[in-house]
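Listed next: structures, encoded as structure tokens.
Across the two complexes that follow, chain A remains constant while its partner is chain B and subsequently chain C.
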Partner chain A sequence: MNKIISDIRETARQLLADGKVDVVIGYEKGSLPLKATPCFVHSAQEVDSLIWDETCENNLAAFVAKTPGKKAIVAKGCDSRALVVLLQENQLVRDDLYIIGVSCHGVIDQRKIGAEVGEILEASITDGKISVKGMEGDKEYLFAEVKDATCQTCRYPNPVIEDLHLGELIQVSQDVAAFADVAAMENKSESERQEYFKEQMSKCIRCYACRNACPLCYCQECFVDCNSPRWLTGGVDRAENLLFQAGRVLHLAGRCVDCGACSRACLQGVDIRALNRKMTKDVYEMYNHESGISEEGKPALNVYSANDPEEQFLVKE
Partner chain B sequence: MGEIQVETENKKYDPKIAAFLCNWCSYAGADLAGVGRIQYPPTIRTIRVPCSGRINPLYILKAMANGADGVLVSGCHPGDCHYISGNYVARRKFALIKSLLTYVGLEEDRVNFSWVSAAEGGRFAEVVKGVSERVGALGPNKGVFKVDDGGATDE
Partner chain C sequence: MKISKEKFGQALDALIAEYQIIAPVSDANGIAFKGVKSFSEVKQDYLNSKLPPKAFFFPQHEKLMSYKKEGKDVTVKSELKVENTVLFGIRPCDAKGMQLLDMVFKNDQYTDPYYYERREKAVIIGVACQKIAPTCFCSSFGISPAGSEGSDLFLIDLGDSYDVEVITEKGKALAARFEALSELTADEQALVEKVKRAETTSKVDVSTTTSKLDKMFNSPYWDSLQEKCIGCNVCSFSCPTCHCFDISEEVRKNEGTRVRTWDGCMAPLFTLHGSGHNPRDHKKARWRQRMMHKFNYFVHNNGSMSCVGCGRCIKSCPVNMDIRQVIDGANKAELVVE
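Take a look at the complex of A and B:
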């Protein structure tokens, strides 16, 4: 057991024993290999279930507003950015929140492993090496090979707000946001992009796992559940799936922290992130705004400037 | 909604365009065009909204889903909003909507945004003319968002 895990457990034990918080939100070992599951620790006796490793892929900020009482949360970089946005939007009370910051090297993309070895039966992680036993064969991976796409371009592995930091800080080399993936897609022709998203959307079964995993999808009534007006029919239709995804992405424009929780939650492997990244890029380039990196300021679409660019969308006369 | 007029020799294809007009400027501009008897193509179906800031991105998507061939959104010129900042806030939203829709492969000319004041009746007619021509050139809604079986909706 590494030092960070024992520190997390010790911190949680202290906080609960002192009565500073009612619950600690963290990760525990899941029932499936390579999959940690969110865990809610209410008493000092239970803290030994807490873990921290490369399988902790959920964004725990999604659970904070739904959990009553004073809470502590184990937060990696993207979780903390989501917490900042939630604080900006008055969804959380800072005084009820104790943030245990941990630096994150990235999480494992299970889909990549699953595609090669079939269903994962057993797995173990030692010293950055992941040995997997799958239905169709065994394989050993280096962590860098199976790092999630989101984590590969991550610029905020260290929490942006925290009350306590455990472990060492991670140095990042990138100074500016890189959007090579979005640019590659933009350079394709209109019909190629249309085909790509048609293919992606025909995979979607509208289970709404992406919405449920998203820390910033907290609407009391989501537009997909709304009966009057009924934005979506009950059926699953490719065009309607795109309406759902585009509607969701537009709701998240200027707020999405690019944690990738939606893509990892998607069991159909829909490239949801392609849409989110496009909005992140536009907001970054047009309004010079990155969501959730400082507590001051507001989400990009809540503010305006008199000389915002408009040439690219106004009708040509 | 949804039936498609087939282009024949003597009957030109007329697109159906959902036009979201702000109450204080563009709707009044459209009214002025009417009062001034300025001719423009009968392609738009006007939907009056209190402010361009009231436009929900879903309005545009839903119009396309229900079979509109194009969408026109028009509000007061920036700086002239009846509610001071409604169109400034809308402007950021519109830029992102347009960009996203183009990104997913919707034809550029399907969804249009413009600013038309209450005094610009002639310009309103010009805008509608231009939008109608471009949407007309694209032909009927090709279904990036159109739901073939819209049967389960309330309409």
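Take a look at the complex of A and C:
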């Protein structure tokens, strides 16, 4: 067993045994190969189900506000950024939270593997190599080949807020700030982009897995569920789907921590992240703001400054 | 009896003038049931579609009627559109799922004309599973990967030809359009027998689940079960038997439509009353409802479980809630004395 897993278990055991927390939110082995599943450990006797590896793809920050009592959470870089935003927005009480930070090299893009080997029958991960037995054939991958797209552009593999750190700190290459993926989309012609998003939006079935997997979509009443006024019909077509997806992106402006949980949750493979990334880039360029990287800051759109360089926003008396 | 795939394809193509043909096709997103213009578009080697074929009878968003007010006159128009349809390539789990939906939409108390008229005008050509996925568990419910229940015509893939079995009168009428049906060879007969004996490797014991659930309404099992569920509707939308819906009015000025949209019991809004009261105000109550509906209430009302073991919800769940584990957990849960 690797050191991080044994440390997570030991930490959880002590926190629960000492009564410092009521529950530890972490991951356990899922029922499918290469799939971890969120787990809620309530007693020191149960801690041995906790794991940590490249299959821990959910953003556990999504569960924190909804879980009562004092809790510990196993947090990757992106989970920790979501926690920061939730704290900034007064959704969490810091004293009720114990953050077990783990360095994260990224998670596996199962969709990519599934597209090549079919349904995954068995899989194992050893020393950065992933051996997969699939219904359409077997294959061995280097982790880098099947790393989730989100993780390839990750700037914060180490938690930005934590009470304990596990694992060696990871160095980040500075190239990832370049938003090459967004630039590639921007360089397409308007009609190419239109075609792309038409296709993406026609796939959406409005199950709201993206919204519900998102740690920062916590509105008590989502605008899509509101019936007075009614922003959307229940119609599942390109136009309505775009209104939902675009509305969600706008609500996440300056807040999205680019964890990719929405894209991974999507059964239909809608490229939700393409919209979020563009917004993230715009916020970065216009406000020099990255969300959830320090407890001191505020989300970009929550700040009012009399020295705003864009004068037209200021009403002069 | 068998028919060569070439002849079968020609026969299906010849039906296009009279029927819309729905069949599995491969797109960027996997396998989907879609309208085809020729048998050549049909994907023949496939596990199953990502989304169930129920939408052809029970669309996700459907106009029931439209209305318009002019002065004192009100005109109301039915929006029901029905076409003769052939659904080709339906897997046994989904064919069984349609039978279960039939019980909901046509029973001794009520017939839903929207569902029923489409269903009446549809012929189901089932095709036995060539491969069985690790998430397939239909054998748990007495369904076989080569089961013909729910199909009008049932095919088994023999390589260059199909073994053809007529199941219903509708299937018989369609099979009459096929030419060049011939007898199976001894080898082919042996292959058919082998395919028919196939079972899913994954199975869950449901023999005591219904009676156990009778006593589990107040079980603490539901407390732990619901923790990781994020309350989206992907399990319901990808389920071949889930059928809950919402009816709403889409009105602009003097005209509007009444629409029916899929809904799902995992979403809090599903049971939210106009008063603000929500009888299922917690995920715990919602998960209990999901399990009770499928494995208890539906059994009491219709004599069958409302799960066909297709495994779609297992594959689609963002947090890996595995219904097989949930059933197993219920089977093993300790009962509280009330």
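Heads up, the rule we're going with is that the second predicted complex is superposed on the first by the 301 of 317 C-alpha atoms of A that agree within 3 Å, B and C clash if a C-alpha of one lies under 4 Å from a C-alpha of the other, contacts with A are read in each partner's own complex, and residues count from 1 in each chain.
Quick note on the criterion: a residue touches a chain if its C-beta (ideal position, glycine included) is under 8 Å from a C-beta of that chain, and two chains touch if they have at least 3 such contacts.
On a predicted model such as this, the values are computed, not experimentally measured, just so you know.
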item: First, second, both or neither for A:V21, with chain B first and chain C second; value: neither
item: Chain B versus chain C as contact partner of A:A12, first or second or both or neither; value: neither
item: Touched partner set for A:L86, first chain B, second chain C, both or neither; value: neither
item: First, second, both or neither for A:C151, with chain B first and chain C second; value: neither
item: Which superposed partner A:L166 touches (first chain B, second chain C, both, neither); value: neither
item: Contacts of A:T233 with chain B and chain C, given as first, second, both or neither; value: both
item: Which of chain B and chain C A:L301 touches, first, second, both or neither; value: first
item: Those residues of chain A which chain B touches in one complex and chain C touches in the other; value: 233-235, 237
item: For the chain A and chain B complex, residues of the former touching the latter; value: 185-186, 190-191, 193-198, 223, 228-231, 233-235, 237, 239-240, 242-243, 246-247, 249-251, 253-254, 275, 278-279, 282-283, 286-287, 300-302, 304-306, 308-310, 312-317
item: Contact set on chain C toward chain A in their complex; value: 28-29, 47, 50-51, 60-61, 131, 133-135, 224, 227-228, 230-234, 236-238, 246, 248, 250, 259, 261, 264, 267, 269, 314-316, 318-322, 324-325
item: Parts of chain B lying in touch with chain A, wherever the complex brings them together; value: 57-58, 61-62, 65, 72, 78-79, 85, 88-89, 91-108, 112-115, 123, 126-127, 130-131, 143-154
item: Residue ranges of chain A in contact with chain C within the complex; value: 30-32, 35-40, 58, 62-63, 67, 118-121, 135, 199, 203, 205, 207-209, 211-213, 225, 227, 233-237, 261, 264-265, 267-269
